[in-house]
Structures are given as C-alpha cells and as structure tokens.
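All chains are identified by letter, namely A, B, C, D, E and F, in their written order; residue positions are counted from 1 within each chain.
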C-alpha cells in the first residue's frame, strides 16, 4: 500500500473549481491531492510576430511556482533574473499539449495565454497544469462564443495529463512528491478524449527501463486520463459542449 | 454612496484564512473585498551576510502579482528578467513595516521570509500584504515557540495597514481599484496596535493636498486599522498571545 | 548642538549653480552641505508609448550615485546589471514630485528627462535631487519658451523637498549622513510654493512614532522648504517668471 | 523514397572522428548526414555544491548552436543575454541520458562537462549530441584510467540516441531538417547497448498519435540505435573496453 | 629557436579551407598553427536602424570561443548572461577592420554578418578571425555578384592581420599561446594588400616599449601580412577577382 | 586654423583640480577643454580571487559617462542592464595603462579602484581618464604612505595619454568632439615620463593610413604628453615625490 493508502492504480483526489478569478476570461483551481495549481486563460486580440499573415491564432502557456509552494522555499525567478530550465521545459510542454487539441485557424487571429501558477506542490504539477489549463481554455472559448467573437468551437477534443512512475519494482499511477523523488523512472502522459497520445515522456534518471515496463506504465496512465477527463466533463458542465469530440471513456 | 454601496468610512469585507499552506511555517490568505493575497512565512536558520556577528535575526518580504491578478494580464517579471520598481518599492515597505514590530535580537539568528503573492488584485494589495504578512509571521513565531526554538515572543505588538484616498472632493477609506485609479491623493498608513505610526506615505499624483486633508485621511485610516487588527485577533485565536502588547482598539 | 554646530531647525548651506552643463537644456549643481547632485534636464520631442494619442507630455527622472559618492565605494549598477530597489524608489519619487507641479498638457507632446547624479553624498540626496531637478526643469522650460516651442509656461508653481528626522528624542531638520544613520524616524517632505504637500513619507525603521511627532516634523520641514524655495528663486533669476504661481513665503 | 534517396528505415551516413581537440580530455566530431556536432569532455576535479559530502561525481552537458549552423542565421544567446528554453531542454536531456549509464560513485568526486556545439544543423542535433557526447565521455574516462586517477570504469554500458518521425502517413528513421519540419509526430529515443530505454519522448505538434504508431516508431528507433552503437564501437577502438557491458546488437 | 622550432620571423602553418558550411553565404575554416577559427558570412537584406536613409550597407562581426577551445574550460557567455569585455573588444576590432576595405555604399542596403567562432585556441585568435573573416566576406560578395544582386565589387582591397610580440628581449612574429602568455608587449597589426595600416594596437601589459621596438615589430608584422595575403589569394582562387586592388606582395 | 582657433599641435586648456571628493582616498577633476572627468581612487584592503597567494596588489579602473555628458542624451547602462562594448574597452585600457607604471608587488595585497566618470564629454574622454586617473592614484598612494601602510612608493614613473587624429589631410593634436567625429584616423597614445610607450592604438574607421602618417601622429602625441605631465607635476605638488622616476620632459 502506498504512503497515502492508495492502491497502485489509484488517482489522488481530483477537485476542479471553475471561475475562481474575477478578471480572467477562464479560470480553474485544480487540486490533485495536495497539489494545487491556479490556471487562468487570457484572451488577447493579437498574435505573435512570427504568425503574421498566417490567419491563425496561438496558445501560449506560462508556468511558475510560488516560492513556498514547495517543502523548502525556492527563490523567485524574478529575483534571480531568469527562468530555470525546468520552468521553460514545462511551459513549452503545456503550450504544445494545448495546441494539439485546438484548431488554430478556427481560433482566429488571437492569442490565448494560459497561466499556470502552482500554489502548492506535491508532485505532478506539470500534468495538473495541462489538465487545469485545458479547462481554463474551454471556459475562455465559451466566453468567445457567448460574446459572438467565435461562432464555432476551435477545440477539437478533450485533453488531460497524468504521471506514472516506477518506484522500486512497482509501477504507480499519479505520484505524490515522496514517490516522485524515489522513482527510478518517470512517465508523463498527455492524452486526448479519443484516446490519442499527444505527448509521452518516459525518463530514467540514472536508470533505464524496458519496453514492457513502458507499456505497463502507459496503461496505468490511460486509466488516470479517463478519470481526469470524466472529472473535467463534470466540472465544465454546459461548457463541455464546446469540446468538439465526444468523450470516449464511457 | 460608493461604487460598492459602502459609506465613506467603511472598510470592505475582511476575510483571514490561516494555515492555508501545507508547507509554510505560517500562512494566511487575506481577502479585503476582491483583493486576495496569499502570505506565507518561511523560517530559515541563517542570516544575511551583512548581519554576521550582530547576534540578531532578520525579516525579509517579497511581493509579486500573478499575471492575471489584474484586469489586464501583466507580463511575468521572471520573463522580463527583473522586478519592476513598483514591486521593489512595495516589498521594501512590507519588510520595513514588519521589522518595526519585531525585536530582531529576540528573534535570534534566523531569517523569516514573508512571501506575499497577489492572487487577485482590486486595490490595496500592498496594505493587504502587510496585514496578512503580519499574521503569517505570528503563526511562524508560534511554531518556533511550540518547538522550543524560541522561549519568548519577539513580536512587540500588532500591526496592520490600510489605504485612504481623495477622490474628487471626497476622502474615502480602503479604496477599491476603480477608486484608486480615480484618486488624486493616495495615503497608505501602517500602524501598530498601540496606535503608533510605522509608516505614512501620502502621495499626490499630478496633484497636491493640504495638511488638513492629510490629517482627515489619517483619521479615516486609524479607523480601518482598528477593524483590521480586530479581525486579526479573531483569526489568530490562541496565537494572538504571541503578540506582545495588548490591542488597544477596544 | 548638532555635529556640524547647527541648531535643530537649521538647514545646511544651500548652493545652487545653474547652467553647469554645455550640452543639457537645463542644468543645476545643487549643494546642500556636503551633498552634491548634478541635475540636468533633457528635452526629447517624443513621448512614451503609453501616452500616445493623449495630447500631453511627460516628465521622467533618473537617479544614480557615482561609485565613490559614498564613504565606502558602492559597486556600479551597470556592472551589477540592474538598478537597486532604492534607486528605483527614489527616481519614481522624483518623477512624481516634478509631475505634480507641471501641467502636462501645456507641456505638449514631449518628454523632459531629469537626470540626477549624486557626485557626493552626505544625507538628503533624494530631496536635493527633487529641489535641483526642479530648477533644471524650469531652465529647460525657459529655453522652450525662448525658442518659441512653448508660448505659455506649463509650470504651475515652485517645488522643493527636505528631510526631517527623529534622532534620539530630538527632531532635526535636514539630516546629514551621520544623523540619518542614527535616526529612528525619517520624514521626507515635498511641498510646493503655495504650501501644498505633494508627498510626505514618514518611516520608522525598526521604530514607530506618534501623530504629534509627525506634525512637529512636518512643521520643521515646512521651514526648510521655504528656505529652499527662496534660494531657488534667487538662483533662477529671470527664469523664475516661468514658475506660474507667486512664491508665498513672504 | 525520401529526399536524399534513403529508404524509410535507413540511417544517414554516420561519421565519428575522435581526438579532434588539442586541449579536451575527450573529443569527438560526430556527423550524421549534414548534421555536425563537436563534442568535448572536460574533467574538472570538483563537484557542484549540492553534491558535497555525497561521495559521488557528476556529469553536466551544455549544448549550443553556432549562429550560422542553421539555414537562417540565429542570434547568439550570449548577445541575447540568456539561453533559450529549447537549449535548456536539450542540455538537460543530454545530461540525464549520459548520467544514466554512469556509476557516479565510481566516477569519484569530479565533474565531467560535456560540451556539444553544433557546427552545422540538418535535423537530429540533440540525438547526435548524446551519441557523440557519450564517445567524448568514454575517451575522457580512458584518460582517467590511463593516468591512474581511476582504476575501474564507471561506464555501465553504451548509449546512443536517434530520432524517428511521422511525416504524412509514413514513419521515417533519422529525420533530416526538411523531414523534421514536415513531421506531425517526432520521437526521440535514447537507448543503451543492452537494449534498455533511457528516455523516450514522443511529441505531437498540433497532432496526435496512436499507441500502435508509437510502437512502430520505437522499433525503427531501435534499428538506428544498433547502427549507431556499432559505429561507436568501431570509432572508439580500444577505448571501447571501458564501456562496461558487451554490446548486444549482434 | 622557438618552442615549435620556428625562427623569429617565421609564421606558423597557414591553412585556409573555403566553403566549409552548407548554409552560409561564405565560409572559411582558418588554421594558423593549432589555432582554428570557423568564419561564416551571412548576407541579410536589411540594415541596422542607425543607417536608415543613408543608402549604404553595413558589416558586423561577432566573435566567440567554444568552451573547450582553451586549455582550461571557459564558461559559456550565454550561461553567464553576457559577453565579456574581451569578446566585445575583439568583435569591434574585426568589424572595424573589415569595414575599412569595403565601400559600404557599393555594398548596398544590406548587412553582412561575419561570425568568427574559435574551435581551438593557440594564440592569435583575433588576427586569425580578421584574416579568415575577410575570406568569408569575399566569398559572400562573389555570391552576390553571381546572383546578380551586385554588379560591381564593394571590396576595395585585401586585408589580413597578424600578431607580433616582445618575449624577453626577442621580437617574435605570430605568437603561439605560450609565447603570448610570456610576452611583455603585444602588437596586433591589421594591414591591406596595398601596404596601408588599418589598425595597429601595441600594448604593454605591466611593461613599456620604445618607438624603435614598435617599428621593428611593425616590420615583422608586415612580413606576416604578406604571407597571409598570398595564402588568401591561393585559397580564394577565382573569387580573388572580387578583391578590387591588386595584391602588392609580389 | 581649427574650430577653436588652435594650431595643429596645440593642446586644449588643461585644468587639474585635486582633492575634490570628501570621501575618496584620491580624487581629481580633470578638464581638457570642455571635457570633464571626475576621477577617484579607492583603496580596498583586499585583492581579486585570481591573485590569491601571489603577494601582489591590483589596479582596476571603471569608466562611465553621465547620461547628459553628451550632446544627445545617452541611456544609462544600469537601465539597459549591461555595459556597452565601448565602455568595457575603455576601462580595460585605463586599467592596463595604470598597471604599467605600478610595481604591483610593492603596492601590497590591496586593490586600488580608479573610477572615471565623465561629467561632460567633448572628445578625448578615455585619454583624460587615464591622465586624471593617474593623479588620483598618486594621491591615494600618498595617503597610504602618510598613514604608514606603505613605506616605499609603488609608482615607477609618470603616465599620461592623449589623442591625435587625421582630419582631411591634416594631423591634429588633442581632438575635440567635432574633429573626432570627422577624423579618418584616430590614434590614442599612452606614454610614461621617461618617454616609453605603454599603449598605442591607431585606428582607421573605414579608412587606412601609412607608416609615415603614424610616425607623424606619434610625434604630435609625444608633445601633448609632455604638456600633460608638466601640468600633472604642477597639480600634484609635493605628492609628485611619490612618482618614482624623474620626469624627463625638460
């Protein structure tokens, strides 16, 4: 049994609070166990320079942790004067993931900024940011449609992300911080509601793994994704109609 | 009557949630109307270089806003590569204010970091940060005493902060964002529970004011401080015993 | 009696040399005791982006100290790669102060840069910078009028700034460095020639103060402001005609 | 047939020149088709601060491209003042990959820096950097053993990396730049000589893929890895003896 | 006799490989003894802002060393966040030198970037960069003429650079690293094929020199320049026709 | 005749005011025509890390211009976040020049910082900084000797610097800004009181020059150096005794 009494294939508690921000076009506070990430979507009616003349929109995510989101205080990146490699890697991942389920031409010439700020970290912050960021995006799209700025949803299907790890000889779904720190292999899976993979990153830190282990981890991850997408559908309520494709987890 | 139906000398709704962080030694989520600031206190058992050999501790505050805390998204300081002048000015103010009610020798050779992160901004974020930061500090001191690292409280008295402004010809307590943007004069008051002033900053932006107006604003501010300190006492419960001086607001 | 034999309410020696720069549109070397600040005004025929279309001008001040302006050498901010919080706070203060006595619409769509570089520091550099910066500004406006770029003065009235402090139990006007370092409370006052307050910053560093003490300090400051404005009038000579309002110090 | 006449499962030409640097402890110029990366290994007899007291060594890789390694000139990161997110992501990958086949305790309290500088880019620079960086590392270890600083090799087995992609409906091994730019899915595989996976990153950029496609790409990648490790063995000659485990590709 | 058996007035081995880059408009790998610099020329059809409306082109050089070009590894400037003073000084020198033999009006409104990246350093990297950079520039101009973008060559004459030093009491041509490190006086000479000086920098580091010594060093330098220009002519082949003035060394 | 009525070989007015700073160990305000540079020397009783254990001292110069030292305002390097290449080049030159006349072992394990801040620029700021910086250094050494920290002077001889240029077909001594801007060739000469050269930098910007022209410029420069050293001797008075070698200009 795991530290927090979960079985190997159990997700932690999932909580999705929508519309938590007075200002943002879309916002979600996602809690996966003790990990809490505030995700906001900002619609900006302009596009980055490299897209000029391409008649399409863009989605750009940023990620950060509050200094005391972690067990030890982490110095602010603004004081340090630059973002760490870890931060950049994570926000590139979130951006790519969300773009994969959006028809950028249908989005029109606008940028949606997804800000994912970790209020409390206990493992799986990047996957929570993807899952929560998607909800904020859908809510912002809902707003664009309600206000008549869009007539058709640019969102092709649902998306969520989860981590799986190999700790000792066990494969575990949805690692908390202690498990993550002890893991030899760490797999992050981003998957759509139609069961397609968007991103799979399997990493051995000073360790290796077999193809079989990877496939077993993938299977655990698929289970987690289904649960996350189910929760997302519940949380979004009517806004879920703007997620183009039917969810296939049931 | 004001935008939100308050009278001239009314504070907005005050909400103080303590122990909101799993990791921090002290933490408070302070809400003043729609302004929400997450304040954490981190105890670090070392001191900055300039204090070596001085047998005293230090308190250092940092302040930041989430990108979409504001009506328009504000770019991250970590992306920009440096903190703005406004941020630096505010965190210097918070640090000074909190140090004024702490006996740094009694604190011992340790640093307490106060992180004030604005989750949602609607005016008065710097004063909310001081008020909330003080509570986080008291909770951290409580922990130091419970764990036997301190035997005597270094906190000399309570402290809180509030804004007052002159909007048109009216003097108003506790400005919300719209009022703040329209104000000709802005006064920030930091005051202790014994009624002493710690910091008074009265500023005319492209405007001036008389001594009489300043005194009237000060009086309004004192009323707000009393209400904030009363709320702080309620929120801290037993931890309030570590605030050295009796509160004199009633 | 004070270190330099002054009485409690005495200003240090005030010296104002105008037109000290071959290149600048306005320039003043202000000496207050041993504090020396070179203030230049540069007129730039464009405005910052955020003012586009607003049909008004802008005033922007920058402040710095030469490395050996101080008793100990201070490393250059250009080597460090960024300005300190103290520098930013001071230049924001100078900018705000000068803007408060200028009709920015009358100034027209141009920016006046006020550069305040401390050649030698002995306390009160920020207040000397405001007082000297104002003179440089008036001289630049005089030039704009002489050259026909302006027909009417945008300067509404005179302005000056001074520090007051509480050292031990004494309230002292115009602190030199040793007094400033020993002060429990520091008050900076910015005031106009009509006796209006522009900015009042009263700060206890690890100390507090009463309303009565603040008012006594304010009174001392007012005396200093009068003397400074009198000296400014003498130094500006005919250029003083471009300071809109009559000086009211008698 | 592909642009350069290769079949779907063909690697480009592999060329590995060893000892190309007069100064470095190990060096390799790796060419994969037109991609050319200069890899040097530097042995430094100290460890990063976070490893103090842990009695182990460290491997740290850095990656950069010459400005005109690419079809369009890319501005220098040193002029820009910081490394891009892409660079950071890649050098973190190289570092992790190489550490996975090294027994860091056996390496002793020293750091091996692996510098991978892309002289010419034509797709697959990060995988070439891992493959070439490994050879430079082995040569540096050889030197440590020859000079008596190490008695036993810390290298556990061989390692190499390759890219696979889905272009249109075709799965292709070892993408050149044009193929990479056209690919919907990009998979980078890092694998050891015993056939274990170290890292698998499969990414859909604005696209998704199925589990089946991922497995087919993995299989193609394994073929490429075998060829790369075979070439590495040839190039290293006697130094190959310091690669602990026998190569299993034949 | 010198370390590497050269006589006092001997150049090291000169090797000039042209067209070493698949992408660049001009490229040369210059080897002077063990010093190896990769020089590429990039033609960009725009000009820097300060040249707008001046109907002329520009040449801008950048210089860098790979981390392990040197005997000890040098940290990357991109990691450090800025270029060193040495780097800036060198690239300003290269830029000035190359501009002195180009008719910038004839070049037309375009910028030629010359990137000089030191792959291996053994003294004289800045002079090798000038000599090699010139060849890359000629090859790029050849391309502009072949493609019809230019009808007439903007290159006025050939140029090369060499170092001379005073080591102990001896004056030596073309210093290798060990000689350079031991030199009391260091002279860098940039000269054209018509025997005109473009730049002469003679520097005593904690030492001085006489006018006579300077003239003797200049004479040695002239001999080296002749050999370099002869090698350049050989290496450029037909492209040499685009070097306006006849070489006068034979 | 020149713009300011000087003959070809005339220096501008030289003015050297010593002890202009209350705080610095040595200070000089040097005026060469309208160019004014404030030079201070700071003695720091420690040495840079790379000199540890070498039993010698160090001299380090820094150079900057006030924003409005120039005809057009130049943005601050501290705001820009880094020093320009020009600044770095100049401060490296000043440092080298001053070190060449100091016996660093005799100086002892201390650093002398020479800060050269240009208050007003009209050509020749770098040479004025060397000349003035030398005086500040001598004054600081005088102080070290008076206070018994040094018994013997580490200064080997006097030093000064001057510019010469070729404007049209004329060779001119000590260029003012307009002449400098119009010059085809610019020569900076640093020379000692015994007539030895420390540094000679002759530069053609988009122009070349002959050996004969260089020698003629050198001769003009020597005349200027003599005048500068004569003025230095007058200005230093008794402190000149700490300049080791007798001046040989008369």
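Keep this in mind: contacts are C-beta pairs under 8 Å (C-beta built on N, C-alpha and C of every residue); 3 or more make two chains touch, one makes a residue touch a chain.
Everything quoted here is computed from the prediction, not taken from an experiment.
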Chains touching both subunit C and subunit D, listed by label: none
Label of the chain whose CA centroid is most distant from the centroid of subunit A: F
Interface copy of D-E among E-F, B-C or C-F, judged by whether over half of the contact pairs recur: C-F
Subunit D and subunit F, separation of their C-alpha mean positions in angstrom: 52
Computed distance of Cα centres, subunit F from subunit A, in Å: 60
Per-residue multi-chain contacts in subunit B, two or more chains: 81-83
Chain order around the ring, beginning at subunit C and proceeding next to subunit F: C, F, E, D, A, B
Subunit F partner contacts - residues on subunit E that touch it in the complex: 82-86, 88-89, 91-92, 96, 99-100, 104, 192, 194-211, 214, 218
Subunit E to subunit D touching residues, read off their complex: 21-24, 27, 34, 38, 40, 42, 44, 62, 64, 66-71, 73, 76-83, 87, 113, 115, 117, 119-120, 122
